[in-house]
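Input: structures, listed below.
Okay, so subunit A shows up in both of these, paired with subunit B first and subunit C after.
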Partner chain A sequence: MAVPGLAQEKAAVKPGFSMPTGKPVRILVFRPDVKVGSQSAGGVVTPNAEWTANARKNLADALVAAKPGGASEVVFMTDLEGENATLLNEYRSLFKGVATTVLQHRLFKGDRLPTKVTGFEYTLGPGVAKLGELGGGDYGLFVVTNDAYGDSGRKALQIFGLLMAGATGFGGMVSSGVHAGYAGLIDLKTGDLVWLNADLKMGGDVREIDGASKRVSQLLEEFPGGTSGGVHFLPTTK
Partner chain B sequence: MNKLLLGLAFAGLAAPPLSAKWKLLPETMPVAVAKSAMKVMPGQGWNSWSFRPGKKSELWSYDGPVLNQIEFIGGVVDGEPFAKERNKKDKPLPKFNSKMLPTDIAQAYEQTQRIVTRSPDFTIDSMEPVTFAAHPGVKFTFHFTRPDEELTRKGEARGAIIGGKLYMITYTAAALHYFDAHLAQAQAIMDSAKVD
Partner chain C sequence: MNRWAALLAAGAVASASASTSGAAGPVPVGSPAVAGYQPVGVDEQGLWGEMAEAERALKVSKLLVRDEELTSYLRKVLCRVASADACQTVRILIVRDPQFNAGMTPNGMLLINSGLLLRVRSEAELAAILGHELSHFERRHSLARLKAARSATGWAAFLGAAGAGPLGLALIGNFFSFSQEQEREADLDGLKGMRAAGYRSRSAGDIWANLRAEMDATAAARNVRSRKDKRGMFDTHPATAERLAYLRSSTVDDPEGEAGEAAFRAAISPLWPMLIDDQVKLNDFGGSEYLLAGLATSGWTGPLLYARGELYRYRGQAGDFEKAAGFYREAIAKPDAPAGAWRGLGLALARTGDGAAAKASIDEYLKRNPQASDKAMLAMISGGSQ
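And now, the complex of A and B:
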């Protein structure tokens, strides 16, 4: 059930950025950070390894097929070992920190940092070029999804809540689970964040091939230079 | 749940009240911090948060607190903790004692942060005597990760006991890029500290 106030997705492009044209663009995709589990009536989430593995593969396949931004080539980062694997994990965590910061201070209206004119002056730093060298790419795409599907107890609670609301006027809406995600694009030469898209209420059952494809198209909405709307500039705020 | 709560949930941070706001600091005018006798010169680019982590502390950030922050701790007296108690009964925070040696301050800070951040690996990397706010004090550096996060954070702290009260300034940031990016500015703020 969609809730209008919560159903909006938010995306932002770094002001002035557009995907280069006239030369091949290679996007390096980092293994999606995927969590899938079940949610009990009480809201407790239990991770499910099989669902997570299926979702990770489905999302990875769908990302390559999507060719975001009309990229001439979309490649996956090869499996790294040792220090390089540690470095990638550190940068993945830093990306999540940067994405969280943009969500909090740019996409959430009440929590602006006065010193940030556009709310989009963020970078992973030039050191991220090392990942570009290891994987070969002009831009790096990070994807994070978090899904929790309601178990039978939670679904029963949902129905009970709706019945109560219908019969008595009392009873709250119980959400069907958690389906959140975000994706961000990094310039692998400068480390600058050039695009971010986040949504709390994503569609598409990532455990299924078709659902993962739907999820990826939502994650890539308003991707700069993409076919689903092209470069989109949200109004900057102060 | 709104975008803020989503962001904080991803970051593993406690949610401040929605009324909390960030304010611009003057660049060249000394400001009192942590509602204490300590004053510092902010310099360019720092934002002050109306949400205070504790009664005797104040938080500033350059890029957002997930990426970097400066915390001021001002005027802590005998028997008070270094931070706000989270679970006083089961995990009480170490208490300040005005007879503490500089090394004791660093150790108490480490014990406090291990509880407050739930960090399993908070480590002090170096420690040396310095002059802080014109008084003999301590400088120490540290690093840590939060649970369920692989982002290493680094920090530098300076503090002194002045008139029987503890005054400290700590700078903490993501080790990749962000720590080095604003370390010199954070050190300038620490160098500017005065306690009247």
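And now, the complex of A and C:
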């Protein structure tokens, strides 16, 4: 996959972190945030229930099969109720907030906060341990994907845009649908974000079994392994 | 892309979408507000699927006001203006948001902002709003909006109108925005429901008259021009003046009907402390004064006086702390004075330089509310007593 022109690190690992070896590791996956739709010529996205349901199943199966980082087991968080459901909802929102900050101010070099140039210090706080107790896991995995497949009108517009660009110097830049995703791993004892990977232009058609499997392997790129940590240190230059 | 290139591209959109229209399969008919209804066709199924996911998150959100008694009251009013089926299928959720707003998602989730409950003054006004929102659902306005958005002429307006929803769920925001024609249609449907239920239909117009007066009050305090007749380029709602006019003219010959002011007050009043507190923190002095005065038409209660004190203390302009102290003192003289009145009085007096009186008042507050979360800070202000 080509990385967009903007200087972007696609993934980051907390310096010094590696998956523990010599004991079984359980990864707890929180209900992935999955959206699949079609994109019209004008850019309007129509959600598609069938595609979304298929993608949800395919991605879940692929995640379990992938056993990221040599995990002994990948389990999904059970449906929670009452206060526990509210707690998970809060942490889900918090994760999204933190992930957005990392994406904007850490992974994209152009907009790095002065205090976040080096290192990778982000945490959801130790309260997240409660989620580990509820679901039974050592690490928590959040997954977000958003896909919109261009319909025939969108594709026509894309070609038109390219023609315009060729003929006049204007136009172009009509993107072909939306295929974005990110995933993050939380240490469920400390709440620390230990790994985050994001890509605005992902491959793999999530509506198909094989495509979803390819998408999951892209989502899990640079997932920390069980060997030495710190190999994924980000460059410290500004 | 420059302007003319954009126009040309729009031409391409028109022809391209013409070639793909009609590919969405079966078209749903009849009301979706019936028990066991399943969405029909790709578009409606897509909307419902996405909204089911949003509803899942919303139902466990901390921003919901989980008050069973209040919710069942709202449901009771909805059921008076709705069919038996709609009454059963629509879910009412109260969102803690101090702005005046309500919304309906395409799958039948009716969202009511807490700020709306502070502004509505009678059960009839509430019925007008609930009936209006129900109409959006029964007439599938979101679905029509989505289809219009995909056509060449509609999409720019659709995108422009897509703001973040009350919970920052931009997605819900998308489906919230209806066209002016749809809003008018829903307003008129709302009136029909009110008439059938015996409610005072003229109250529907009162909502907008009140809102306009509040906007005037906000503007006057800020020394700016009122926004009551302002309509942004992408604003889809009929201007309040226009809305008020057609609601008034459609109801001029209606019988008086039931306003239900006392019933509404009784149902909402337990929530007032929270509603008023959220409102006072909006930094909208004029609007808040207007609302407090409206609530105090039958007399200033302890909580209302306390709120007024808070309002002046937060503003903190010359003379405001003295005025605030006055309102807190009036509140304290009432049998229903909230403990916060002593806190407010202490903080206001500390700002006017009356340290001894401030200390006495804060000590009294801490005696009345020993579990206060800001206990340590208050103790410091009152001079380290504890």
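Just so it is clear, the second predicted complex is superposed on the first by the 205 of 238 C-alpha atoms of A that agree within 3 Å, B and C clash if a C-alpha of one lies under 4 Å from a C-alpha of the other, contacts with A are read in each partner's own complex, and residues count from 1 in each chain.
Note that in this section a contact is a pair of C-beta atoms (placed from the backbone, for glycine too) under 8 Å apart; a residue touches a chain by one contact, two chains touch by 3 or more.
In this text, all values refer to a predicted model and were calculated from it rather than measured experimentally.
Upon superposition of the two complexes on subunit A, a steric clash is found between subunit B and subunit C. In the superposition on chain A, A:Glu90 contacts both subunit B and subunit C. In the superposed model, A:Tyr122 lies in contact with subunit B only, and not with subunit C. Contacts of A:Leu113 after superposition on the shared chain: subunit B is touched, whereas subunit C is not.
Overlaying the two complexes on chain A leaves one subunit B stretch of 146-154, 164-172 or 182-190 clashing with subunit C, which is 146-154. In the superposition on chain A, the residues of subunit A touched by subunit B in one structure and by subunit C in the other are 89-90, 92.
Subunit A meets subunit B in the complex at residues 6, 10, 89-94, 96-101, 103-105, 107-108, 110-116, 122-127, 144, 180, 191, 198, 200.
Considering their complex, residues 1-4, 6-8, 10-11, 18, 20-24, 45-47, 61-64, 66-67, 149-152, 174-178, 181 of subunit B touch subunit A.
Residues 35, 37, 40-44, 46-50, 52-53, 80, 85-86, 88-90, 92, 151-154, 156-157, 160-161, 164, 168, 170-174 of subunit A are the ones that touch subunit C when the two sit in their complex. Remark: subunit C residues 1-2, 5, 8-9, 12-13, 15-17, 19-20, 39, 42-43, 45-50, 53, 57, 60-62, 146, 149-150, 152, 155-156, 158-159 touch subunit A in the complex.
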